[in-house]
Amino acid sequence: MSACLLEATGICAYYGPTQVLFGLDLRLAEGGITTMLGANGAGKTTMLRALSGMVRATGEIRFRGEPVLGQATEDIVRRGVAHVPEGRGTFTRQTVEENLQIGAMSRRDRKAIPGDIERVYGYFPRLKERRGQQAGTLSGGEQQMLAIGRALMLRPRLMLLDEPSFGLAPMIVAEMFEILRTLNRSEKVSMLLVEQNAALALDLADHAYLIETGRLVMSGPSAEIRGDESIRRSYLGY
Amino acid sequence: MLSRRLLMATAAAGLVAVATPAAAQKKYDTGASDTEIKIGNINPYSGPASAYGLIGRTIGAYFKKVNDDGGINGRKINYISYDDGYSPPKAVEQARKLVESDEVLLIFQSLGTPSNTAIHKYMNAKKVPQLFVATGATKWGDPKSFPWTMGWQPNYQSEGRIYAQYLLKNHPQGKVAILYQNDDYGKDYVKGLKDGLGGKIKIVAEAPYEPADPTVDSQIISLKASGADVFFNVTTPKFAAQAIKKMHEIGWKPVHLLNNVSNSVGSVLKPAGFEAAKGILSTGYIKDATDPTWKDDAGLKEWAAFMDKYFPEGDKTSSFTVYGYTVAQTLVQVLKQCGDDLTRANVMKQAASLKDFAPPMLLPGIKINTSSTDFYPIEQMQMQRFTGERWELFGPIISGEVGS
Amino acid sequence: MHDRAVAHVKSPPAGTLAGVSLDIWRRLAIAGALAVALAVPFAAKNFFIFQMTLAIIYAIAILGLNLLTGFNGQFSLGHSAFYALGAYTAAIMMEHGGLGYYWTLPAAGMVCFVAGFLFGLPALRLEGIYLALATFALAVAMPQILKSTPLEPWTGGVQGIVIIKPDAPFGLPLNSDQWLYFLSLAVALVLYACAVNLVGSRTGRAMIAIRDHPIAASAMGINVSLYKSLTFGVSALYTGVAGALGAVAISFVAPDSFTFVLAIGLFVGLVVGGVGSIPGTLFGGLFVLFVPNIAEHISKGLAGAAYGVILMLIIYAMPSGAAGLCRLIIGKFVRHGR
Amino acid sequence: MELLLHQVLAGLATGGIYACMALAVVMIYQAIDHLNFAQGEMAMFSTFIAWQLLQWGVPYWAAFVLTIAISFLAGVVIERTVFKPIHKAPVLTHVVMFIALFAIINSAAGFIWDFTIKSVPSPFGTQPLFGQRLISAHDAGMIAVTLVLLVLLYLFFRHTRVGLAMRAAAANPDSARLAGIRVGWMVALGWGMAAAVGSVAGMLIAPVVFLEPNMMLSILLYGFAAAVVGGLTSPGGAVFGGFAVGVVENLAGTFIPYVGRELKLSIALFIIVAVLIVKPSGLFGRRVVTRV
């Protein structure tokens, strides 16, 4: 196994008085794609939010060897963790291009930003066509692409993707997952992917975690998980 | 803060005074004793009218001076002043608190026509003096129906009549334009002027403004367009200054009659610009502390010394501090006259028996006179003209004919 | 943003405290409060009775505002206008109609209901901050309208109307302060009971649904426009009745009594009492009446600043109002039934 | 006819006051998504600071710049100390905090500087512009400064990174955080800038209406009205709204018979509410088009 990019141990998280995560452990490999599977309400989104400091959590999180738990979201993001939230987090009143610029807001190397914007347009030509348009007027698929593009503008080491396929047509989903695979290779971005569509996720990912009601049930290489009988029955539906 | 400090001072003084044997024939009502006289007051210390709070604070400072000088006939004044935020319901609450809970001998200088109207009936039903109220409405001098209420300052209507007399004599062919605040104060002035003119001089334009208006520029332009050559300016200081300035800007130079409320040199005419204010006519009854005319006046020096010692944070350019000082002196005079008979009835009786009382900050020659049928303490005023730096008194001291 | 604006109504928490069910505690608390309320007029000075009467009246007005804001999610910074309308209705009926004050209460309520309903119709198109501004404009304009020349024959212009303070009827051995206190208390009890029933009814659930999920509510077949306007009307009705009671208790109405300062006072009372809490409005009423007195006691020259600081501290201490704080405290001691 | 012209011009001059304030209102709305009810008082207090500096003999423009700087800092400090602790509280709580702040600033200004009116000099002079008597140099200067401010703000928001970051932070704070934007500081910056713009407004308004603690009471209301008429999301619309409100108010007061003069403000407010009912997001406000 390659070097460890992020290591989380014993993560517990709460919404008000209600505990949602019960001591989750997670290890993400440098350069890999990991997926987190689980039913609705299992705590997947919460885990992502805990990783980027958006929800109160206990335990330990090390990103590239340094502890980040308890830091502000902005600071974790600035270390290179790009979180593509559920609902896409589009800045609806701003234009497409402004959305991309917002993604690069924490970077110091301003000169490189226009080039990066062009690179994002290279992956998502549709965005280029609509660069001057209010982002709120984009279709769902386009907004999802914009969200990924915005995350890319950060030049992240790790991308946290929260249900990127949600509400999109199958064709668009397939297209997008293909782009994610390309990004992983050409941009050297590690990914943690939360998905309802387990089959799709397992195809893309090389490692998988399965959680249920805030607890880890099983983890291992995607191929192994896909082969597991019980998983197949409850998550893959065949 | 102020009243609490006073309270403690008077309490301490009281302990000393208990030892002296009570003299015979002392009569007291609630709120008065051998050692102290409790006086209530209601002022707007908060809210949009909090500018007036200065009066209440000046009075408090003056009573402290009185106490430091030994009190009135050996009794210290316990001054309890409450905030009504210029809201009539709050005024009722505070008046009842003063009368029923603090048990004051009288309420003094409660401020504002609406607030005083709200407590008018209550005070008379309770037979507690509502003395020297701080408003110039005419209704406070009605001893037949309201024997427990008395005003103090010249009322707005009679001032309006003074201007009318002036116009009838000097500008019988004039055309009058009026700017007035759209409330009881503004309307009283207008009524006084109209009654005084008796239709003999034409009023060509009237423009009201709301205290909430940011400026009166629009009104001034309309009034100028009416072709009037006499301007009656019934505004509070801020709007008076705005009007004077705007008139200067647009080059309108009518005969300008400015109500007494806003004729302070320091806080109206100077901000508006002396050049613009030159030639304005007004009436006066108290000395303007910012007018160089009184620079060497003994009364003014006394007032300035009081301000420095007892109310250093108070604004010396505001006429409110002079007003508060003088009205407080009037009450002290009444209480002195009461002697050892500190009943509410006697307070009203003495308040109605002021004879040629002339506090030092009233204009020379103006005197306070009251009787059982005359509940208007100050009825005299004198006209004055602004020379560009100071007021110049002219003509005789005029007694305003009180209307209705 | 819109649904963030209002606290959620907690259904009464089921649980026990010291082995007794919370419901019983609640009944005991209400009974205790009522006993104290009934004892006040016989134990306190007239002046204090009068103050408590005013506090009850303000609480009724705040309750009206709470029905609108707390349970229906509509802002209002202009309820002083309805309070004024109620007060003037009462005063004009007594002065010009020669009617007894007891007739004026339902009349003021009806007038304000109609006015509120009518105002609620255009207000439908306005949301959040825009509605707040439109209502605030109403509060600012009201005193000017009241003193305007065309209405002067009825309103008495800036001089207002002086009303005769009523004595206790049927030869009851009460002075007029005690009588007005009991009258206000009785009216308040009726109105509070109605409010509790309203909030728990089908209508109330529709109101709350509109507050939380307006789109879903209309999808469920709730006539959102009608309910919102009706709520505005009911809210104005409560505030108008309070205004009429206030006019009788103060025995005087004038435009200066009903400036936007009153509107802001009611609004502040609503928030410090607890948005969406019916008992919290009582705290709101007490706050509106007593905190300015406390503030001026701290400093005369800085009375306004003292008021502001007290207000800030209260918000820090109980961000969701007195009701929220109570829930929190009870929550600490309660053992949940689950 | 001449009266009409005069009233329109006077309306534009007063409208300049409202426009100035409306700009500050829109400014903070962009930054924090709320209307700050204490904004007028903050501007008033800033103007008192300018006045005090002038009294101490500081030259006008030095005092002007210094006041803007102090106001900016004060705005940031107020946000960090007073509003940061409650940033998650519902909007009603914020409104109450604004009211508290309003009371504190108003009362403190009265306590420190008293309620007598102070005259603040105009940097443009008060002589009539170009020798005619229709509009004074100060009125013209005030309108010019408002327009310059408008352009500067437009450039700042459209063409600088910080401007974009502020817009992002206001529009979608959670998402902005995920882009690494320090949302808390952006809000503080918004407060600072709003206070700075407000101080400019105050210093320009004071020569016309005279400085005293209640100076801004009604002007803020007009500023709100102007901003709302123009659209809270549009600085240009707010400025237009300011002029429109000023002119409409004057014309209503002058030409509507019988009740016009007495109900000038009420009529203006009525027109504003009417505009809102027809166009709920203001004349120039953007309706956000969203596809789900």
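First chain written, first letter: the chains are A, B, C and D, and each begins at residue 1.
By our rule, contacts are C-beta pairs under 8 Å (C-beta built on N, C-alpha and C of every residue); 3 or more make two chains touch, one makes a residue touch a chain.
Remember, predicted model here, so these are calculated numbers, not experimental data.
**Student:** Moving step by step between touching chains, how few steps can get you from subunit A to subunit B?
**Tutor:** Contact-graph shortest path, subunit A to subunit B, evaluates to 2.
**Student:** Looking at the contacts, which chains touch subunit A and subunit C alike?
**Tutor:** In this structure, the chains that contact subunit C and also subunit A are D.
**Student:** Going by CA means, which chain is nearest the middle of everything shown?
**Tutor:** Checking distances from each chain centre to the full centroid gives D.
**Student:** Between A-D and B-C, which chain pair is linked by more C-beta pairs in contact?
**Tutor:** It is B-C, judged by the count of C-beta pairs in contact.
**Student:** As a test of understanding: of all chains, whose mean C-alpha position lies farthest from that of subunit D?
**Tutor:** It is A whose centre lies farthest from that of subunit D.
**Student:** Would you mind pulling out the distance in Å between where the CA atoms of subunit A average out and where those of subunit D do?
**Tutor:** Between these chains, centre-to-centre, one finds 42 Å.
**Student:** Could you work out how far the Cα centre of subunit B sits from that of subunit D, in whole Å?
**Tutor:** 36
**Student:** Nearest whole angstrom, what separates the Cα centre of subunit C from the Cα centre of subunit D?
**Tutor:** Between these chains, centre-to-centre, one finds 32 Å.
**Student:** Any chance you could list the residues of subunit D touching two or more other chains?
**Tutor:** Residues 103, 106-107, 110, 221, 262, 265 of subunit D touch two or more partner chains.
**Student:** Can you list the subunit B residues in contact with two or more other chains?
**Tutor:** 46, 48, 50, 53, 182, 210, 212 - these are the residues of subunit B that touch more than one other chain.
**Student:** Scan subunit A for residues touching two or more other chains and write them down.
**Tutor:** In subunit A, no residue touches two or more other chains.
**Student:** Could you please write down every pair of chains that are in touch?
**Tutor:** Every touching chain pair, ordered by label, is A-D, B-C, B-D, C-D.
**Student:** Hey, which residues of subunit D end up touching subunit B in the complex?
**Tutor:** Those in contact with subunit B are residues 2-3, 6-7, 10-11, 13-14, 17, 103, 106-107, 110, 114-119, 126, 128, 133, 136, 208-210, 212-214, 217-219, 221-222, 249-250, 253-254, 261-262, 264-265.
**Student:** For a test of understanding, state which residues of subunit A touch subunit D in their complex under the given definition.
**Tutor:** Those in contact with subunit D are residues 52, 54, 72-74, 77-78, 82-83, 85, 89-94, 98, 101-103, 105-106, 110, 134, 136-140, 150, 154.
**Student:** For the complex, which residues does subunit C have touching subunit D?
**Tutor:** Counting only subunit C, the residues touching subunit D are 1, 4-7, 69, 75, 77, 122, 125-130, 132-134, 136-138, 140-141, 144-145, 147-150, 264, 267-268, 270-272, 275, 301-309, 311-312, 315-316, 319-320.
**Student:** Considering the complex alone, what residue numbers of subunit D touch subunit C?
**Tutor:** Subunit D reaches subunit C through residues 33-35, 82, 85-86, 89-93, 95-97, 99-104, 106-108, 110-111, 221, 224-225, 228, 232, 258-259, 262-263, 265-266, 269-270, 272-273, 276-277, 280.
**Student:** In their shared complex, at which residues does subunit D touch subunit A?
**Tutor:** Contacts found on subunit D: 161, 164-165, 167-168, 171-172, 174-183, 233, 286, 288-292.
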